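Structures follow.
The same chain A turns up in both complexes below, where it pairs with chain B and then with chain C.
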Partner chain A sequence: MTANADEVARYLKRRARWSPFEIAFWIFAFATIWLFPGKYLILKDTAILALFALSLDLILGYAGIISLGQAAFFGFAGYFAGLVAKYGIINEPVIALVCSGLIAAALGFVTSFLVLRGSDLTRLMVTLGVSLMLGELANRYSNITGGADGLQGVEIEPVLGRFRFDLFGHNGYVYCLIVLFICFVIARRIIYSPFGLSLRSIKGNTLRAAAIGVPVKWRLVAIYTVSAGLAGIAGALLTQTTAFCSLDVFSLERSADLLLVLIIGGTGYLYGGLIGAVIYKFLQDWLSNLTPQYWQFWIGLVLVVIVLIGRERMAGWVRIVRSLLVRLGTWLMPRLPALGGAAPDGR
Partner chain B sequence: MLTILYDGIAYGMLLFVLACGLSVTLGLMNFINLAHGAFAMAGGYCTVFLVNRLGLPFALGLPIAFLVTALIGGLFERTLYVHVYARSHLDQVLFTIGLVFMSVAAVDYTMGSSQQFVQIPEALQGQFEVDGIGMGKYRLLIIVICGLLTVALQLILAKTRFGSRLRAAVDDQRVARGLGINVGAVFGITFAFGSGLAGLGGALGAEILGLDPTFPLKYMIYFLIVVTVGGTSSITGPFFASILLGIGDVAGKYYVPKLGAFVIYAIMIIVLIWRPQGLFARGAAR
Partner chain C sequence: MSETMPKTTPILQTIGLEKRFGGILAAQNVNLAVEPGARHALIGPNGAGKTTVINLLTGVLRPTAGRIELEGRDITSLLPHQRVRLGIARTFQINQLFLDLTPLESIGLVVSERLGSGADWWRLVGTKSAVTDEIVEIVERFRLADVMHERTAILPYGKQRLLEIALAFACRPRVLLLDEPAAGVPEAERHELLATIEALPKDVTVLLIEHDMDLVFSFAERISVLVNGALFVDGAPDEVARDPRVKAVYLGEELSA
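Up next is the complex of A and B:
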């Protein structure tokens, strides 16, 4: 029995080890600070979107909950961060960020009980309904939130009292990237824990998972709460770095775009959201330069084509590319011990 | 007060015509079609084009709107939707949201982003008074047309051979197939018909709901509320749900103007928590 447990523990540890490819990915991500100095604004948006998509991946890719209302947490925490900064309740951005994440997680915990009932369609409606309700509330109490004009007059103090958000977005991007990395590490820790494994079993077969003693309901509540917290942190980041927050943080488009991001990157593995965010932002930038007003058409087309081709088939290609890259990484690493960052990074 | 009730019923009738096609597709194929509003929008724009640009009479514009959208619906069903039926709900949601985005941008491109109005004939404008209650003539027309449609639908569903096939297919698809019912064809026809109804609703409702390229996104939630609250096993469920929704929405907008939509969403969530299968559904869960 104990030998068995040891074996399981060893297996889990081996699985959770950082692969060379992952290390290369993050070195490259941080290298972008110096590589693309003129692109901070879009890079910053990408980092925020990546974090947001990561939060959705936790519930969609790992726990199998379809949600069209992730924007609820994003917007809720965004407004929270804006309001505490505006009225000087919490001046320090990092503390405000953590508080925003916590309050979004609290909202997630409360609403999780609504979401866990019913079929896919019911979940879809309830998640969407919650975010629309919050949007209506923000619109209603426009004396607090600024209503349709957005929340204005937000003054963000320097991060840790030293790094002020500058006009070019350099500090903002570095801040977002660090937060993204920390949140990613947390999510990674969760996914590779026994808890994460039990989530996978719930997604695979809920009945059987319950039969082998997984407390399905509480596991789902927990992951939904964590996911809400991460989405909240993403929303707070957006408010802090733009010093602005408007009603469209709650919109359906935001949640739908998020699904697209995740689908492009692939669900059910942690880098899906990050890679999807990069591709999506790149596509959006390119398409909106090409056809400023109608880029949504092409985004819609991408969605339709992805579904018609079949996500499994696409995921298959991604897996092939990934295994090739991993093999390349393991082949390169011993040869280039000092130059991990030089490993080619196709995505 | 009674005016609100009257407007609410007209609005609810309209919602029913718009959404009943959706409820059938959802019940029949367990298919989540978020793009249903796009067909309604197509009907609306078709009427605008026919009546305003070509100068056709309004009474002729409506049936043509129905036919055109039914045709588009049937075409889409045969070419695109058939590939997605067997997929997961996530795929269906993605696919239909993609269609919505495309339709929004395409209409924006061809017709412009401003709100469109159908020129309704003089005879239908204005109000008349019964017992001191102002009743819009156009709304009366909507109630009459939608009421007739509802009765017709109920009769088709209850009395005709096609109706019984459809009900059989909704109840248990596999057994229906086993009895030799061509479920695919039944579904294709129903889908086209439902899209046509949505188009007709869009054409009728252009005056009340407003018609602009974001129409499918704006009203998607309303259609879904009708379907989820009403259940998918009959057409009376969605009918009562849409009347309730219509009255609730009009009353909410009148009494608590800024919280109107909030009330609707809150009621929806409460109903869904209370009865996840819909307010009027039978016990059978799919």
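Up next is the complex of A and C:
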């Protein structure tokens, strides 16, 4: 077997092609706008959580950086978006959103130098520490942030000057979904670029990555910055669609939930955060209706079961079920006309 | 030994290289000169300091004393990835591969980095023809075409060993350091590996660190023997083979082994 450049190029690009699963996923995602009109609030929260989880997946799933402090960027940009709207500094939500993302990315860039030294445990502690510090700063400067009462009096102008956030949350959800999709396309593009490939190599074998000339540190700084920016956009979306921002945007629980979402959905294939967010929000909604006080017990149980069974094994089951279905399909197909009695060749 | 000293400027040279780990001298006064285009082997019994020397040359370790020069330029204080850019690439004794990537992706990664597009984040992998052309050349050279779509983790060991060299070669080094390339390769896959090493282009200087004497004597044009962290004998293969001190060292080792 010999290789040729066209084949190599085609193969390398093949991974980046949109699969039918992905296209179906996004068609369904946008179809929810019409399918579940009464559920806009939870759908909107899911879209924001999905974007937030996507930001963590970029560093955890692709660069191997574990973090308990994504809430730092989420909250920082959340307050930023609230403040610029409250004081009329940036009125148009889309521009404010982009600026929030940029400012969170700047914070990510600065803190990346703290995070990237040391082992996983150090990283967990440093990322956690940064978000705790920001949370306390927001608490201390309550004259700016509103402290424990939250940021009051935020008024969000219509998106692009036309679409006002309505009471039913329709426009808010559509806005979040479109932003999620755009951010996803950007993340996807990054992952399938040479830069994304170098991240996977760093995660796979840092020693060798350095030995073939990859500037490991700068690549990690870059992806951490991008990830912070996406987390910031998620935070700004929450503020904009609720016209409110409170201290819990910085909470440890928010960062921990995010890890939970990625554990449920899986890391390193970009859809983990999205699927995880859907499952998490659905479980939360369903369980909190069943047992309003104790729903976290069941979330905890799901977590334990997932970790104990192991994702590899579950993926294996999915493969087995799929191949069984395919086999069933190929077995059924020739027999179907016979069943209907419409076989052209008769019997 | 003076009659065998190289007449041309060495491409890679160490001057009085020394590495001390606490009280242990892992390398002492190593003066190694590798000529351009050479097939040079560095041999020595276990624990002689061969790996220390490789780590010093590639910048993984900093020497306690002495200098390293690449084509007369002092590179002693450069970082590993900077040395790669200047033209020193290495393989590892124990495979250091990207197990989740395919050989195609791994080689593509190295080529992209070298051609300066490793930081491109908006272009998709495989859209630059300069990169794909070179990937094809390397895949063919290292006989990886039939497994290039497989995950590296599931490749046969011999293929993994070939990929190990291919990744270093894809850096287009001036000097290629091969650290026991044939280690652990089963007999059936060995021939392919040795043939590939034989066929490395002559403009790439090869420094082979090896335990396997058959490979060393069939491949090297010049051999340096390292014992207890110091260069012991340095010369053409037949000189080294005749040297009674080398025989003593290896015979001694065989007896004690």
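Methods note: the second predicted complex is superposed on the first by the 300 of 347 C-alpha atoms of A that agree within 3 Å, B and C clash if a C-alpha of one lies under 4 Å from a C-alpha of the other, contacts with A are read in each partner's own complex, and residues count from 1 in each chain.
The criterion applied here is as follows: a contact is a pair of C-beta atoms (placed from the backbone, for glycine too) under 8 Å apart; a residue touches a chain by one contact, two chains touch by 3 or more.
Since the model is a prediction, treat every value here as computed from it, not as a measurement.
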Partner chain in contact with A:R164 - chain B first, chain C second, else both or neither: neither
Contacts of A:R327 with chain B and chain C, given as first, second, both or neither: neither
First (chain B), second (chain C), both or neither touched by A:V130: first
Chain B versus chain C as contact partner of A:S193, first or second or both or neither: second
Residues of chain A contacting chain B in one complex and chain C in the other: none
Interfacial residue positions of chain C with respect to chain A in the complex: 58, 80-81, 84-85, 89-90, 92, 96-101, 104-106, 108-110, 112-114, 117-127, 129, 132-133, 135-136, 139-140, 145-146, 148-149, 167-168, 170-171
Partner chain C, residues of chain A touching it in the complex: 1-6, 8-13, 15-16, 189-190, 192-198, 200-201, 204-205, 207-216, 218-219, 222
Residues on chain A engaged by chain B in the complex (per definition of touch): 60, 66, 68, 114, 117-122, 124-126, 128-130, 132-133, 136-137, 139-140, 252-253, 256, 259-260, 263, 293-297, 299-304, 306-308, 311
Of chain B, residues touching chain A in the complex: 26, 32, 80, 83-84, 87, 89-91, 93-95, 97-106, 108-109, 217, 220-221, 224-225, 228, 258-259, 261-262, 265-266, 268-269, 272-273, 276, 285-286
